[in-house]
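Look at the two complexes coming up: chain A is in both, with chain B in one and chain C in the other.
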Partner chain A sequence: MADETQTTDTAVPAEIPKHEQLVDERLVAWYFLAALLYMFISLSGGFLMAFQLIKHNPLNGIELFSPGRWRMVHTNAIAYGFLANAFLGMLHWVVPRLTLRPVFDRRLSLAIFVAWQGVVVATAVGLLLGEAQGLEWGETPVWIDPVAQLGLLLVAINFMAPIMKQKGPMYVTLWYFVAAFIWTFLTYAMGNFVPQYFVSGSSAGAVGGLFIHDLVGLFVTPLGWGMMYYFVPILLKKPIWSHGLSLVGFWGLAFFYPLQGIHHFLYTPIPMFLQYGAVMSTIAVELVVMTVVINFFGTLWGNGRQFWDNMPIRWFYTGMVYYFLTCLQCSLQVTMTFQALIHFTDWVVGHAHLVMFGVFSMWLLGVMTYLFPRLLRQEWYSQTLCEWHYWLSAGGMLVMASDLILGGLFQGWSWAALQPWDASVEISQPFWAVRVVAGLAILGGQLAFVYNLYRTWQLSKASLTSLGGSSEPPSVDRKYAD
Partner chain B sequence: MFESKSGVFFVAGLAFFGFAFLSNALVPAMMYRDLPEKKVEELANPNLRYQFEDLAHRFPEAFKEVYGTPPTDSTEASDWYNGKIAEALTLGRKVYVGEACWHCHSQFVRPVSNEDLRWGPVSSSEEYQNELQRPVMFGTRRVGPDLSREGGRRSSDWHAVHFFKPTELSEGSPMPAYPWFFDGSPDKPNARGLALITYIQWLGSWLESYPYYEDFVPSPVAEITLESDATE
Partner chain C sequence: MLIVTAVLAVLILVPSGVGFVNKLFEFYGVIKGEASGAFAFTPLVNYLLASLGFLCLMLWAIGQGMFHDIERPKRTMLETERMLDEQRTSEVNS
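After this line comes the complex of A and B, so read on.
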C-alpha cells in the first residue's frame, strides 16, 4: 500500500496526479461512518439528560445510565467522536487534492483511524465507569490523554508532509489547516496536563478557560473555516470574493482567539485585568468574524439561487448565518453586564449548541451530503430525505437555541430576585420540554440521513454488480470537481 | 509571511499561542505562586472533623466497614480521623467529578446577582489553593444551587436521603437518584456515599461563617443502632 506515487522531489509534479492516487476514499467513508455513529451516541446522552430535567427519565437510578455521566459522553462524543472523525475524513479528501500529493503514509492513516476510534471508545467507557477528569470538554480520563496527544501528533505529521512540500504561498484553506494542526496539539497538551499536574485553583481555572475556548476556537473553528474556503468556491465555481478579507479573517482569528479563554470564568477570583483582557479580545474577534462572514456572502452574491438549489451550499450558508448569530450573541454575553445575568444559565447551553451543532456539525453534514455521492458513485437515493435532513436539523437547532437562550434569561432573573431555588427549576420546565421536542426533530433529521445513506449505498452496490462486479468504478459524476 | 508555511507555522501557530499562554495562564500562576497549595492531608479542620465524626455516629456500621475502628487513645484517634478524612475527601472528589456533579452545581459565589445574600461570602483565590482544585471545580452550569458554602448547611442524614432519592426531600428536584452510593437503603451508605458526603460537608467548612446547628458533644450514640431513625 505504501508504493504510492511518490513525488520524491519538492517541485510541483509535472503531471497532475489522478484523484485515485491521492485520496483514500475508503478511509474518508470510514471516518464519516464512525462520525455518524458517535453522533447518535452523543444524541442519546443529550436525551438522557433532557428527559431527566423534565423528570421523565425512565432509566433514573441505574448507574451505567446516569445522566451526569452521559452528559459528559454527550459533549465528548460530539467533539472527539463526531467532529474529529468527520474533520479527519474531510482532511483526507481535501489536503491531498489541494496539495496534489498523498498524505505522508497510508499505513499511518489507517493506524491513526484505528487508534482514534480506540481513544474515543475508551473515553466513553471511562466516562461511563466514573473515571472522568474534572475539566470541561476534557473529561477524557487522565490515562487516555497521552495516547490522544500522540494521535494528534501523528495526525499533524501525516497531513503536514504533503503541505510542507508545497512551494510558495499557500491557499487560505491551508493557512487554517496548518495552524489548526499546531494549535490542536498545543491546546490539548495545555488543557489536559497543566491544570491537572502543575497548577491548581484560580490558575487552573485560567488554563481551563483557555482550553475550553481554544478547543472551539483553535481546533474546530480553523478546520471548519479552512473547509469552507475549500468547498464553497468549488461548489459556486468562482473564487472567494476578497483575498484581503481572507487575510484579515485568518490573522485576526490567530491573534485574538487564543487570548479569550478566561471569559468563561468572569467574576471568579481570577485577576480582574485578565478578565477584562479576555472580554476585549472576544469583542475584537467578533469584528474579525464579521469580515469573514461578509467575505463569504460577497462570494455568494449574484448566485443566491444556489442557496436553494445546491444542497451543500445551503448547509454551509445556513451554518454561516448561525455562526454570525452565535458570534453576535457572544459579543453581548461576554460583557460583564450580561454575565451577571446569564452566566450558569441555559443561555450558555443554547449558545454552545448553536456553535457546535448549528455551525460546525451542519457544515460537516453539508460536506457529507456533497461527498457521499462521490464516494459511493451514486446520487442520493432520495432528495426529499436530504431536504428532511436539512430542515429538521436547521429548524430543530433554531428552536432549541432560541428556547434555551430565552429560558436562560428567566433562570437568571429568578436567581437575582432571590426566589427560592425551586422556582428557577419550575420556570425552566416548559423550556426544557420544548428542548426535548427540538432535540427529537434533530434526531429525526439524522435518522432520515442515515436511512438515505443506507439506501444510497445499496443502490451503489447494485449498480456496481450490474456492471459485472468490476473493481473499476463507473464514470463518476464530477460536475463540481475542480 | 502572511501566506507562507513558516509564517503560519511559527507566527500564528506557535508565537500567538505562546503569547496567549504567557499572558493568560502563566501570569495568574506567577501571581499566586506565594499562596501555598495545601495538600489534601492539610484540609481537615474542626468543622469538617465534627461532620466526619458525626458520620461515624450516624452510620456506625457503614463507617466501621469502610474506615475501621478509631484507636482508643485520643491523640492517636485524632490523627486517625484526619487521615481518614483525607482518604474520604480524595475519593469524594473523584465521585463528584466522575458523576459530573460539577456540571450542574458550581463552586463559586460571584459578587453579583445577589449571590452573597443567597450563599454567603464571595469566593476568593486562597479558597481554591489546594490539591482538590486540580483542575478547579468552578463549574459551568447551575441546574442546582452553588455548593461552595454547602458544608454544614444540612445534616449528613439529609444528604444521604437526598442522594438516594432527591425527590423525597426536594419535591420538584430534577436531580438524578444515586442509589449506587448505598447498599440498598439511605441508612447504609457505602464507601462512595460516605466519601461524597464528607466532600460536600467540607465545602465552605474553612470559612468563619460556616453554619452549624448543633454543638459538637462527644456522644455515646455510636453504640446504639439507629435502625428505627434511619428510614425517616
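After this line comes the complex of A and C, so read on.
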C-alpha cells in the first residue's frame, strides 16, 4: 500500500483548465500576509499578558490596554485573524485545484477578504473598548456577530459551488472542507446567538462549552486535516496510505466531536450524564485521531528522510506529533479524577497553546513555507532563516507547553493542599518567567520568517524587473514539490 | 487494505457508538424521570441536529456511490496535480 503510485484507473479529464484560470494567486498571498499581521498582534497580546503575570506589565494602569482586554485580543486575533485568514488563503489555492473549477465568484472572494478584515479589526477595537460578549472565544461584540455570520455564509457559498459540481467519489480533503463550511456556520451561530438571546444559566454554560470546543474541532480541525490530506501526498509525491481509513477518520469526527465540548465544564451544575457523555465522546475522538495519525505515518513510511530534507513536511509532521500528544492529553485530562487536579490551572493554557500554535499554526506556517515561493516565483532568500523559523517555533512551543503543563500540576497540587491562593501564584512565577522566554523564541522565529519573506519578495521583484516586467519569471520554484 | 480499514472501523466505531447510544438512552431516562432532565435539552438538541444532518449526508453519499472504488480519489488527486504543474511549468519555461 505504501508504494502505491499507479495512476491508470484515475478519472482525470484529458484536458484540464490552466492553474491561472483556477487560482487567484494574488488573493492567496493577501490572505497569508493578513494572517501574519494578525499573528503579530496576537503575539503582542500574549506578551502583554505574560509580562502582567510576572509583574512587569509595561501598560499598567491604562484601562484601554488592560490585561483582560489584551488577552481577548490575543485569542481572537489568533482564531479569526491568523487562522481564519490563513485557512481562507489556503482554500483559494486548494479547492479550485482539487475540483478543477474556480470559486463561485472572484469578486465575491475579494469582497469577503475586505469584509473579513473589517470584522477582525472591528472585533479587536470592540474588545479594547470593553464591548466583549461574555463567552470565551465568542467575545466578538454583538453588533459584529450578524456580519461575521453573513461572511461565513458567503464563504460557504463561494467554495461549496465548485465542490458540489464534483462527480463521483470525493477526495477526503473535500469532505473535510464541506463539513467545515457547514459546521463553522452552525457553530458560530450556536455560540454567539443561543446563549446571548435564547438560553441562560447552566444551559448557556453548556452551549458555551460546546462552542469553545466545536470552534477547535469543527472549524479548525476539519480545515487543518483536509489541508494535510492535500499537501502531504503532493509533497511526498505518493497517495495517502489509505483513503478508506481517512474517511473513517472523517465520519468518526463528524459523529463523535460535536458533544465533547461540555468536558470544559466538568464538576459544574450541568447534569452528570451530559458530563460523562462528553468524557466518552472525547475518548472516542482520540481513537478516531489514532486512525488519522496512523494513516499519515503510513504515508511517510519509507520516505522518512523527507522529514529532514523537506521543510514543509517537517512542519506538517511536527504538527501531527503535537496533535497526537494534545489529543492523548485531552483523553486523559477529561477524566473526572484528572480534571479535579488540573481544572483552572495553566495545564489547560499549555494544552490550548499546543493545539492552536503547535498544531494548526505550524501546519499553516508549513503551507506558507511551501506556497510563498510558488506565489512569488522565487526560492526562499535564505534556507537558514527557514531553519531558524522552524526550530525557534517548534522548540519554543515545546518549552512553553511543557512549562505550562508542569506549572499547572504544581498549581493544582497547591490548591488540593488547601494552600492560600497567593502561594500558588508565587510557585507559578518561575514557570511564567520561562513562558516569556519560550514566547520570545517563538516571536524570534516569526520575525525570521517575515524578514525572509520580505527579502524573497525583493528578489522576486528584481527578477521580474530584469525580465522587462513580464508577469512570469523563467522558472517556478520546484524545490519542495519535486 | 479493506480488511485493515474494516477492522479499525469496527474496533473504533462500534464500541464508541454503543457507549454513545447508551448515554442517549440514559438521557431519555433522565428526561422522563427527573424534572431537571430538560435542563440539558439545549446542548443535546444541538448535537442531535448536527448529527442528524451528517447522518443524512452519509446516507446520501452512499446512495450516490461516493464510497465505491474508495481508493480512486487519492490517485485522481495526484494525477490532476501533476497535470496542473506540468502545464504551468511548460508555459513558464516557454
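Following the convention adopted for this analysis, the second predicted complex is superposed on the first by the 459 of 482 C-alpha atoms of A that agree within 3 Å, B and C clash if a C-alpha of one lies under 4 Å from a C-alpha of the other, contacts with A are read in each partner's own complex, and residues count from 1 in each chain.
Following the convention adopted for this analysis, a contact is a pair of C-beta atoms (placed from the backbone, for glycine too) under 8 Å apart; a residue touches a chain by one contact, two chains touch by 3 or more.
Since we're looking at a predicted model, the values are computed, not measured.
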Check: Which term applies to chain B and chain C once both are placed on chain A by superposition, clash or fit?
Finding: clash
Notebook entry, point to check: Looking at the overlay, what does A:Met170 touch: chain B (first), chain C (second), both, or neither?
Noted result: both
Check: A:Pro258 contacts which: chain B (first), chain C (second), both, neither?
Finding: both
Check: For A:Leu186, is the partner it touches chain B (first), chain C (second), both, or none of the two (neither)?
Finding: both
Next item on the list: Using the touch definition from the top, say if A:Leu247 reaches chain B (first), chain C (second), both or neither.
Entry: both
Notebook entry, point to check: Of the two partner chains, chain B (first) and chain C (second), which one does A:Val293 touch, if any: first, second, both, or neither?
Noted result: neither
Check: After lining up the shared chain so the two structures overlap, which partner does A:Gly412 touch, if you call chain B first and chain C second: first, second, both or neither?
Finding: first
Next item on the list: With the two complexes superposed on chain A, say which partner A:Ser200 touches: chain B (first), chain C (second), both, or neither.
Entry: first
Check: In the superposed arrangement, does A:Pro271 touch chain B (first), chain C (second), both or neither?
Finding: both
Check: Does the superposition put A:Arg71 against chain B (first), chain C (second), both, or neither?
Finding: first
Note to self: Just to be sure I follow: which residues of chain A are touched by chain B in one complex and then by chain C in the other one?
What the structure shows: 168-170, 179, 182-183, 186, 190, 194, 199, 202-203, 206-207, 210, 247, 251, 254-255, 258-259, 262, 270-271, 274, 277
Notebook entry, point to check: In the complex formed with chain A, which residues of chain B make contact?
Noted result: 2-5, 8-9, 11-14, 16-17, 19-21, 23-25, 27-29, 31-32, 35, 37, 93-95, 97-104, 106, 108, 110-115, 117-118, 123-125, 127-131, 133-145, 170-174, 176-180
Checklist line | Partner chain C, residues of chain A touching it in the complex | finding: 1, 4, 6-7, 9-12, 16, 18-20, 22, 97-98, 100, 168-173, 179, 182-183, 186, 190, 194, 199, 202-203, 206-207, 209-210, 230, 233-234, 237-240, 242-245, 247-248, 251-252, 254-256, 258-259, 262, 270-271, 273-274, 276-277, 280-281, 284, 287-288, 290-291, 377, 472-476, 478, 481
Check: Given the complex with chain B, which residues does chain A contribute to the contact?
Finding: 52-55, 57, 60-61, 63, 66-69, 71-72, 130-136, 139, 163-164, 166, 168-170, 174-175, 178-179, 181-183, 186-187, 190, 194-208, 210, 218, 247, 250-251, 254-255, 258-259, 261-262, 264-265, 267-271, 274, 277-278, 339-341, 343-346, 348-349, 412, 415-418, 421-422, 425-426
Item checked: Residues of chain C defined as touching chain A within the complex -> 1-2, 4-5, 8-9, 11-13, 16-17, 19-20, 23, 26-27, 30, 36-37, 39-44, 46-47, 50-51, 53-54, 58, 65-81, 83-85, 87-89, 91-93
